[in-house]
Structure formats: structure tokens, C-alpha cells
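I've put the structures underneath this note.
One chain, chain A, links the two complexes that follow: it is found with chain B in the first and with chain C in the second.
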Partner chain A sequence: MKALWDNIWTRRLISSLAAMAILAVVTGPPGSNLTPLAGFTGSFAERVSFFGLFKGQRWMVFFVFALVMFAIWWTWVSYGEQIKGALSKTLAAPQAATRRRPVRWGIAIVLIVVAALLPHVVTDPFWQAAMVEQIGVFVLLALGLNVVVGFAGLLDLGFVAFYAVGAYATAWVTGALPLPFLFGGRLDTFWAIPFALALVMLAGILLGTPTLRLRGDYLAIVTLGFGEIVTIFLNNLNGITGGAAGSGKIPYFSLNVGVVKYHWGLGPVPYYYLTLGFVVLFLIVFSLLEHSRVGRAWTAIREDEVAAESVGINPLKYKVMAFAIGAASAGFAGVMTAGQSLYIFPATFTLQLSINILVLVIFGGMGSIMGVLIGAIVIQTASMYLIHTPPAGYQPADLYIYLGALLVVMMIFRPAGLVPSRRRRREIGLAESGEGHMNEVLTGDTP
Partner chain B sequence: MLEVHDAVVRYGAITALHGISFEVNQGEIVTLLGANGAGKTTTLRMLSGLHAPQSGQIMFEGQDVTTTKAHMFTSLGIGHVPEGRRIFPQMTVEENLEMGAFRRRGSYTEDIERMYETFPILKERRKQIGGNLSGGEQQMLAIGRALMGQPRLLLLDEPSMGLAPMIVDTIFRIIGEIRDSGTTVLLVEQNAAQALRLADRGYVMENGRIVFGDSASNLLTDARVRAVYLGENVES
Partner chain C sequence: MANLLHYFASHLATLRLEFWSLLVGGFATGVMYAMVAIGYTMVYGVLRLINFAHSEVFMSGGFASYFMMRALIGTSTPSGTWSVVLVIIGVLTGGVAGAAIAMLLERIAYRPLRRRNAPKLAYLISAIGASYFLYNLAGKEFGRINESMPSPYINHTVFTIFGAPVQLYYIVIFVVGVIMLITLDRLVATTKLGRSVRAAAQDAETASLMGVNIDRTIVLTFVIGGALAGAAGFLWGLGFTGVGFYMGFTPALKAFTAAVLGGIGNLRGAAIGGLLLGVVESFSVAFVPASYIDVIAFGILVLVLLFRPTGILGERLGRSA
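Right, the complex of A and B next:
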């Protein structure tokens, strides 16, 4: 018996069975207060069709899954190195090619063209709306948070505050708030963009200057607090924000400059192009920033703040810059939300949302613009798919179980994210081998 | 060049420096000696702006720098090689050197080449990341990075810490060369014998006070120094 337990493969088989048992319970039917155990018994005993092949009880299906998982595990341990070697050999040439500048530009142009044609391919109104409200807006939010978390290494748990400021600034400029806009006038929604950007960057500076003197965990806690403060203000400043009922009456996006008159109107497609334009703009700006003097200062601060000071970098200045620049794209996301859904209320801007955005950044790869872009699109598309065509037994609240599980799996197999930045991969490699600054942070070995 | 007058540094209720005064003159190597906890590192942290003194004054080239912020010191002409080296672990050797020139305007490629001449091993490792260098190579990189800021005064905090004796010899030879090329050096060291052989003058610190200072050759023969820091028996 002991010999059997000592065999690592026995334990791995048991782990596979346990993992699939958990998955069976998670995806199974819910219990109720009359039959509290139904969630468990039903998860295993309920009859299901096995991919339409034959009918059986759920436990059979998950038993097969466990065996498949065990087989993959066994294959990976036995042949993983060979597979990796073969993969890196075949991928070497394409990877070298993508490093060349003309190839990169070519890929970028192809991607933009594909993105521009997308609303003509995807004509389902659900998906057209989702591309703007759920995918486009979250790409903007994730790109902005990536500047703060990925580039400057500041864990911000209150990022949603900037999103809220952008949305409420739009409502203010268009005269939809109880607080009148300057001289009681009102502007087209399009003109809310510069105002919202200016206001969120100001908010970034105001929130950042006092808080960014803190480091690590302390900063995370204070930003968490600030995020909550903004939401509570929105909820309670009835005379300014309209309180918990929020603000309606925001007009559709429109632009009137002399002869140029354009109304975005009801359908999602025009909004899609506006969002796409700003996503491309922020992609370009953030890529340029990453390799600029400012980007190098951010990297230095992230790696070792004392050393950064010793070479003459003012940490506070560059951290506040990261806050303000990251806030800009969140502010624009706020304008899009307000200008398209026409209705904003404080309950949207929760801590949950801040954490969702952080998940997109971590999943995609902190500090990697391409990774964050892909990560945000993948996760948001997947969760929209679950809402659009929910599989049997799926409840909307389950989403976070899947996201959590996804993060756990990511942290084990790809800790640097889906498309890691070159530097992050090194950082995590160093931390795992017990060298470098990350380790110092963990052990509190800094003076 | 650098004058410290009666500087007091407190960490909360604990007084780390009880009013120390000393000076460093143009073109010399001055060393601060002392046991663990004597206040050597606190002194250097104060001189690089990481911890402002509660009272007292620091003058650099006739300018009061007592409350100057840490990131301004490079521009003033003071380079700091922090304790424990603190290179950027995920940047390559070359990127680390470039970071050293962060406050400079214009081209500095010539200076990077000069660093590679001074530290040939860094040229071999130029594309490797800092975290994968050996301790001695990291120390050389930290010194090179500080020199990239073109300092007139270089503060070195325990450059021999944790290094093999042969590497320490190399580092000390290079510190001598830095002085000869016109940069003044303030060296904090536990390795008193080697530091005093290299230095022009030295100060001995105990419990947050400077107990005495003299020329390095006098200190080397001083009975008290020999007993406490060079580990020799006074009677013999």
C-alpha cells in the first residue's frame, strides 16, 4: 500500500480525479435550502448525454475527463521536453521574422484591417454591442491599468475610480448632471473627450501625489480605499452626481463643427469605429512610451526604487505620471460607456470591476501591450460567449469561479501571462531561482 | 569639497548619528571605518539624500545640500554606489550603464566604451542581465553605473562585502584608478586593513560618533585601530 502511495503516478492519478470531482461539482446543478446536498449528489448522479454519443451519469463523464487529464499529464512529463524542443525549433524562424520591423508593421496593418472589417462579418446585434461595451471598453481599461501595474509596477486596486471620473465628466459636460456645466452651457458628447481626459489626468495627479509615496502592499490598500471613496461620493453627492439613481439624459455621441456634422446614433457600429480608433491611438502612444526615457524610468523604479533614485530618477514624479497616463485611457473608456449606454450609475463602478480589469492585465501578461490586448479580448469574448449561449447548468455568477480557476492554472503554467513581456519573463525566472529584487521584497530584505 | 558639520540622524527614538563632523578634500580617498552598527551606512544614506539629518549641515562644493532630495544628487556631481550593489537585476549590463546616465543630456556612448575598458568583464557580459552576474561583476557594474553620471565625488558603501579576496583586490585597484583619474572617493569599509592601505585619510566611527580621524598611514600604525579593526594583539 505504501509502495503504491510512494509512486508519484498514483498520487497524480488521485489529483486528476480530485480536480475533475471539483469541476463536476462546480459545473453541476445548484442545491437548495430544502435539499442542500442536491448540488453534490446531482453533480455526480444526474444523467447527461455524453457529446450525444450515449447517455450516462455525470460521474462517468468526469471520470473519462480525469483519465484524459492523467494521460495528458503523463505525456507532458514523459515527452514535454521533446515537444518543447521541437516547438521552439519550428517557431524559431517565424519568431525571428516577427522581430523585424517591416514584418511587425505589416502584421499591425493586417490586424487593423481585420478589426475594421469585423462589424461587417459579425452582424449579430448582441455581438456588435458586446464588441463596443464589453470588449472595446475593457481593452482600453486594461491598456491603461497595464501602464500603472505593468510598466511602473504599482499595484492599483482602485483603477475603476478613473473610469467613473471619465463617465461622470461626460455627463457633466453634456449637461446631464444636476451640477451645471460651465456657465450653464452644454456641449456635444464628442467634446466631452478632451474634458474627460483632462479631468481624469487631474484626478490621477490628485490621487497619486499623496498615495504614491507608499510602496507595495500599502499602496494597494490605499488605492483600494480611494476607489471606494469615489464610488461612495458618486452615491451620496445627490446634488452633484444624481446619487444612487445615477444620471440619464446623456445625449448620443454627436459632433458639430461647421460643415462637419455626424451623429453616432443608436446602432453600435459607429461607436465601434470610434473605440477602435482610440484603441489604436493608445496602443501607439503606450508603445512609444514604453521605449522612451519615461518608460526606462518606470522600469528602473519597478526593479529597484533605491537604485533608481541613486541614478537620479525622481520616483514620485514618474509614478504620478504613470497614474495620470494610465488614467487617460480609463477616462476615455468612461466617455465611451457614458456616450453609448446614455445611462450611468454608481453601482457600475465597483471594486469587483477594478479586480476584473486587473485579471485581464495579469492574464495577458503584465507589462506586455500585445499580451494585455489579446488577454482582454480573449477573456471578455469568452465571458460574453457564456452570457450569449450559456451551456447547460451555467449560472451567470459562475463566471468568477471559472476566471479564478483560469488564474490559478495560469500562475502554475504561465506565470508571466499569455504573451509575456521579455522583461517580466526574466523577472519571474529570477524570483524563482531566488535571485534578484523580487526575492528581497518577499523576504523583507530591503533596508 | 564635502564638509559635514555636526550632523544628527534619528530613526524614531533611536539616534543613529550623534552629531558627526568630517570633511573630504578634492582628489583624495577618505575611508570611514567602524564595526557593524557604528553608523557608517547611515552616514552614506545621509550623504546621498536618502535620509535627511535632523540637525547639522552638509556642504558640497560650497553649496548647502542638507535637505536636497536623493534623486538630485547625481546632477550635483555626487555618485552613490549603494550597499548591496542594487543593480537593476532584469536589465542587461548595457542597460544598467545607460540608466547611470539618466540625468545626462547628449551622447554618452564614449563613456560606456570607457567603462568597458575599465571593466573588460562587463564588455563580455554586455548583453547578459544584471541578476545573472557574479557578486564581483555586479559590484563593478554598480561602480560603472555610478561613474556614468560623471560624479566628482563617488560614495562607495562596502564594495568588498561578500566578495572573494581576489575580486576585492581588483575592486580596490580600480577604486585607486578612479581617484587617479580625478574623482574624489568616500569609501565606507569593514575591511579596514585594505581600505587604509588605499586611502589618504580615514575616520573611525563608534556608536554613531566619529572617535578620531587621521592620515591613513598614521591610522595603520595606531595601536587602537590595530587592536580593534586589524585584529592584532596590542601587547605583541
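Right, the complex of A and C next:
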């Protein structure tokens, strides 16, 4: 019996069964307070039919899934190296090609053209709105958080605060929430951009200067606390933020500079192009930044703060800079949201949203701009799909079960993300083999 | 300025009137913070990381004991010895559920990373994911509303201190909390089991060379911390906020504040930090509007981390209990 238990394949079989049991419960029917076991029993005992081909109980399906998972696992352990070798051999040429500059520009142009044509291909109003509100805005947010988490290696769990500041700044500038000491009248939503940008960067500096002295894990919890404080203030400072009711009556986004006049209306497509413009802008800025002096300083701090300091980099300065620059794109996202949806509530800017953005960055690959872009699009599209065509028993809040599980799974199996930044993958590899200083840097164990 | 003075004067008057009742209430909350803070401090002591999912351990204790209480009490109003037995059952149920969830958490969200010697950021992210997974799963399975727990006793004022009423609820918290905290302190200070925890906290590698089973010790710290947090979940659920899938977030964040305040990694520090935070928070009711109470704890957390990150008693689970 003990020999059986000690056999690694027995354990892997049990792990497969357990993983699929969890999946069964997660995807199963909901329970309630009065019937706490209904969700669990229903997850296994409910009858399912699969296009008439298969009729049976849920547990049978998941039992088969577990066997499939076990088989894949076995294949991977037995032939994984060969598969990897073959893959890298076939991918070597295209990978080498993508490193060449003209090819990169070509890919970028093709992507932009595809993105520009997308709203003419996807004409479903749900998806058109989703592309702006849920995908475009979240790509902006994820790109911003990537600067903080990916480039500078600082885990910020209160990122949504900057998004909120951007949105409220729009309400203030346009007079939807009048601030008597700020502006007498109303300005176009366009003018919210410089104001919001200045305000979020200021907020980044104000939040960052005291907290960024803390080491990695403390920083996470303090930023989380700050995120909550911002929500508390948004809910209670009735005179400035409109309280729990938030702000309505924010005018549509409009541009009115000299001869250039454009008024964004009700439809999502013009906003799509605006968001696309912002995304491209931030993609370019952040890519340039990554390889600039500042980007290299971030990498140095992330990899070994003490060494970075000893060669004359001021860690606090660059960390605060990362906070402020990352916040900028969240500020843009806030302006976009406010200028399109016309009303904002404190209830939008929850901790859950911060975690949602974090999932996009982690899934795509910390520090990899392309990865974060792909990750954000994939996850947001999937979550929108779940809202568009929900499976039986699915409630919108269930999304966070999947996102939470995804974080754990990514950390166990692919910590560098779907499309890893090469540098980041190397760092994690070094840390795992005991070289490098990632562990010490992230906890500040070094004196 | 005169207005401000008047504001403080009037609030000081409230504080003087309510001093003893605020103190009693603050101590009761503080005992619960202390019980949760122990879990943060023990895990931190051994693994040097913040167990972000500890809030869900607390919540699972609350839910398990809630269902147990509902099954046992129903619509009856228990009294006498039965009340005492029910409270003990509730504490045990909460404790066992908390310990079980903490153990699973260690197994699924931490151990694979530990095996791979992953960077600390990975642990933190994994724990955040586990926390989100657990509380949203609880929301799905048990409904996303707060439920008040059937009371195992009839709450009433037992006696008064300087005119401040002391309710039975507070006495239950005190008795359960103090017994558990003292047991834990003795456990860690005197038993072989506790010695292995301290050894692992001081130097895991050397301890393992000396024959301490590090894996088992780590599971043990999760189980002990989980049991205390689960029991605290039961006590918290008895209060007016009841039991809900989101119940863990704020108390756990405050318990973490308490652990840092007392000196993270330090068991007695966690207890002192918890009590202190409970009392400070309770007194601040006299000064700030109720909706801003949570800001006080976060403010304390930031200030302590900035100016005295080692807390009141200092980080030292490794050195002695």
C-alpha cells in the first residue's frame, strides 16, 4: 500500500482526479445558503447530455476528463523533451525572423490594419461595445500595470485607484461634478486628458513616495489597503465625488481644437478607434521606454536592487517613476470609460477589478508587452463570451473563480506567462536554480 | 481652529462617557484579530511570506460553524449546559474547517512553488489567486448574501464594569480566545512540535539537517494558524455582521495589520497587536464617522511599515516564542 502511495504515478492520477473534481464543482450548478450541498452534489450527480451522443451523469464526464489529463501528463513526461525539441526546431526560423526589425514592423502594421478593420467585420452591437468597454479599456489598464508589475517588479494591488482618478478627473473637468475651486465652467471631455494625466501621475507620486520604500510583499498589501481607502473616500466624500451614486451627466467625448472638431456620440465604433489610438500610442511609448535608460534601470532594480543602487541608480526614484508612468495609461482608461459611459460609480472601482487587471498581466506574461496585449485580449474576450452566452447556472460574479484559479495554475505551471518576456523567463529560471537575487530582492531579505 | 477644538472637545466627552464600553468592545474585536493574526505570523515566521489567502481560511471556519449551528439549533433557543456544548462544537467545527482549508491551501497553492524554489512574487500571486478562487466559490455555493448565525445562547448583559455593560457574546470571545491563545503559546514554547516550528523559523536548512521534517512543520504551521482563524471565524459570525462569502477580507487585512503592529513572526506580538488594534479602532469610533473606520487600520499599517517595520516586539519567531 505504501509503495503504491509512494509511486509518483499514483499521485499524479490522484492529482488529475482532484483537479477535475474541482473543475466539476467550479463549472457545476450554484448552491445557496439554504441548500449548501446542492452545488456540490449537483456538480457530480446532475444529468448531462452532449448533443444526444452521450447521456449520463456529470461525474462520468469529468472522470473521463481526468483520465485524459492523466494520459496527457504521461505523454508529456515521457515525450515532453522530444516534443519541445521538435517544436523549437520548427519554430526556430519564424522566431528568428520576428527578431528582425522590418519583419516586426510588418507584423505591427498588419495587426493595426486588422484591428482597424475589426469593427466592420464584427457588427454585433454587444461585441462592438465589448471591444471598447471591456477589451480596449482593459488592454490600456493591463499595459499600465505591466509597467509597474512587469518592468519594475512591484506588485500593485490597488491599481484600480488610478483608473478611478482618471474617471473622476473627467467628471470634474467637464463640470459633471462641479469643483468650485477648480473650474467655473465646463470643458470638453478632450481636455480631461491632460488634466487626468497630470492628476493620476501626481496620485502615483503621492501614493508611491511613501509606500515604495517597502519591500515587495508589504507593498502588495499596502497598495491593496490604499485601493480600499480610495474606494471608501469615493463613497463618502459626497461633495467632491458624488458619494455612492457617483456622477452622471458626463458629456460624450468630443474634440474641439481649432479647426479639428469631432463629437463622439452614442455608437461604440468611434470610441473603438479612439481606444485603438490610445492603445497604439501606449504600445509605442512603453516599448520605447522598455529599452530606454529608464527601462534598463527598472530591470536592474527588479533583478537586484542592491547592485542597482551600488551603480548609482536611485531605486525609489525609478520605482515612483514606474508608478506614475503606469498610472498614466490607467488615467487614459478612466477618461475613456467616463467619456463613453457618461456615468461613473465608486462600485466600479473595486479590488476585484485590480485583480482582474493583474490576471491579464500575469496570464500574458509579466514584462512582455506583446504577451500582455494578447493576454488581455484573450481573457477579456473569454469573459465577455461568458456574459454573452452564459452556460447554465453561470452568474457574472463566477468569473472571479476562474480568474483566481488561473492565477494559481499560471504560477504553478508557467510563471513567466503565455508569451513570456525572454528576460523575465531567464530571471525566474535563475531564481529557481538558486542563482540570481530574485528571492532576496522581492522580499528585501538582503540587508 | 475654534471649531476644530470644539469638535475634539465634544468627541473627547463622548469618549469619556463611553470609555469602558468602547474598551470592552475593542478588546473583544481585538481578541479575534489576534487569533487571525497568529496565522499570518506563524506562516511568515517559517516561510517568510504573507499568506494572502488566510482571509478565506477565516471565512471557511465561519461557514462551517454556521451550517453546524443551523443543523443543531434550528429554530430552538438553547440555554444552560447545551449552550456551552454548542459553543464548543462551533469552535471545533470552525477550527477543523479552517485547518483543513489551510492545509489544502498549502498543498495546492504553495507546495508546488516551494518544490520549484519559485521567486517570492510567485507565492504572493498564487495566494491571491487562491483567495479569489475560494471566496468566489463560497459565494457561488452558499449564496452571495450575509446570513446571521443562529445563536447558541441568549445574549444578555452579564455584568457591568464602571457602568459599561459586558455582554455574554464578549465573554464567549474572551474565554475561547484567551484559552486558544494561551494553549498555542505553551504549545510553541514547550512541546517538541513547537520546537520544530521555532527551529524551522530560525533556519529551515539547518533544522532539516538536524532531523526536523520541514514539509511537516510547514503543514503544521498552516494547520495551527488555520484552526485559530477558523475558530475566530465562528466567533466573528456570532456577531451582528454574520457569515458571508466576503466576510474574510476586512478582518483579515486588519489582522495582518495587527501582526505587523506586534512584530510579524512574533506570536505574542500578534496577540498584543490584535488587542491594541481592536481597542484603537474601537476608540476611534468616537472621533471619525463610522464609514471611515477602516481607514484607521490601513493608516496604522502604512505608518508602522514605514516607521517601525519590525513592530512593537520585533520580528522574532525564530529566536524564541
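Just so we're on the same page, the second predicted complex is superposed on the first by the 419 of 447 C-alpha atoms of A that agree within 3 Å, B and C clash if a C-alpha of one lies under 4 Å from a C-alpha of the other, contacts with A are read in each partner's own complex, and residues count from 1 in each chain.
Here is the rule we use: contacts are C-beta pairs under 8 Å (C-beta built on N, C-alpha and C of every residue); 3 or more make two chains touch, one makes a residue touch a chain.
Treat the numbers as computed from the prediction; the structure is a model and nothing was measured.
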Touching partner for A:398 - first (chain B), second (chain C), both, neither: second
Which of chain B and chain C A:123 touches, first, second, both or neither: neither
First (chain B), second (chain C), both or neither touched by A:389: neither
Which superposed partner A:155 touches (first chain B, second chain C, both, neither): second
Most chain A residues touched (candidates chain B, chain C): C
Which of chain B and chain C A:299 touches, first, second, both or neither: first
Touching partner for A:82 - first (chain B), second (chain C), both, neither: neither
Contacts on chain A seen with chain B and repeated with chain C across the two complexes: 427
Residue numbers on chain B that touch chain A, as the complex places them: 41, 48-50, 69-75, 80-83, 86-91, 95, 98-100, 102-103, 129, 131-132, 145-146, 149
Interfacial residue positions of chain A with respect to chain B in the complex: 293, 296-297, 299-300, 303-304, 306-315, 423, 426-427, 430, 435-437, 447
Chain C partner contacts - residues on chain A that touch it in the complex: 25-26, 30-33, 36, 39-40, 153, 155, 157, 210-211, 213-214, 216-218, 220-222, 224-226, 228-229, 232, 235-236, 351-352, 355, 358, 362, 395, 397-398, 400-401, 403-412, 415, 427-428, 431-434, 438-439, 442-443, 445
Touching residues on chain C, where the partner in the complex is chain A: 48-50, 52, 63, 67, 108-109, 112-113, 116-126, 128-134, 136-137, 139-145, 147, 249, 253, 256, 260, 289, 291-292, 294-295, 298, 301-302, 305-306, 309
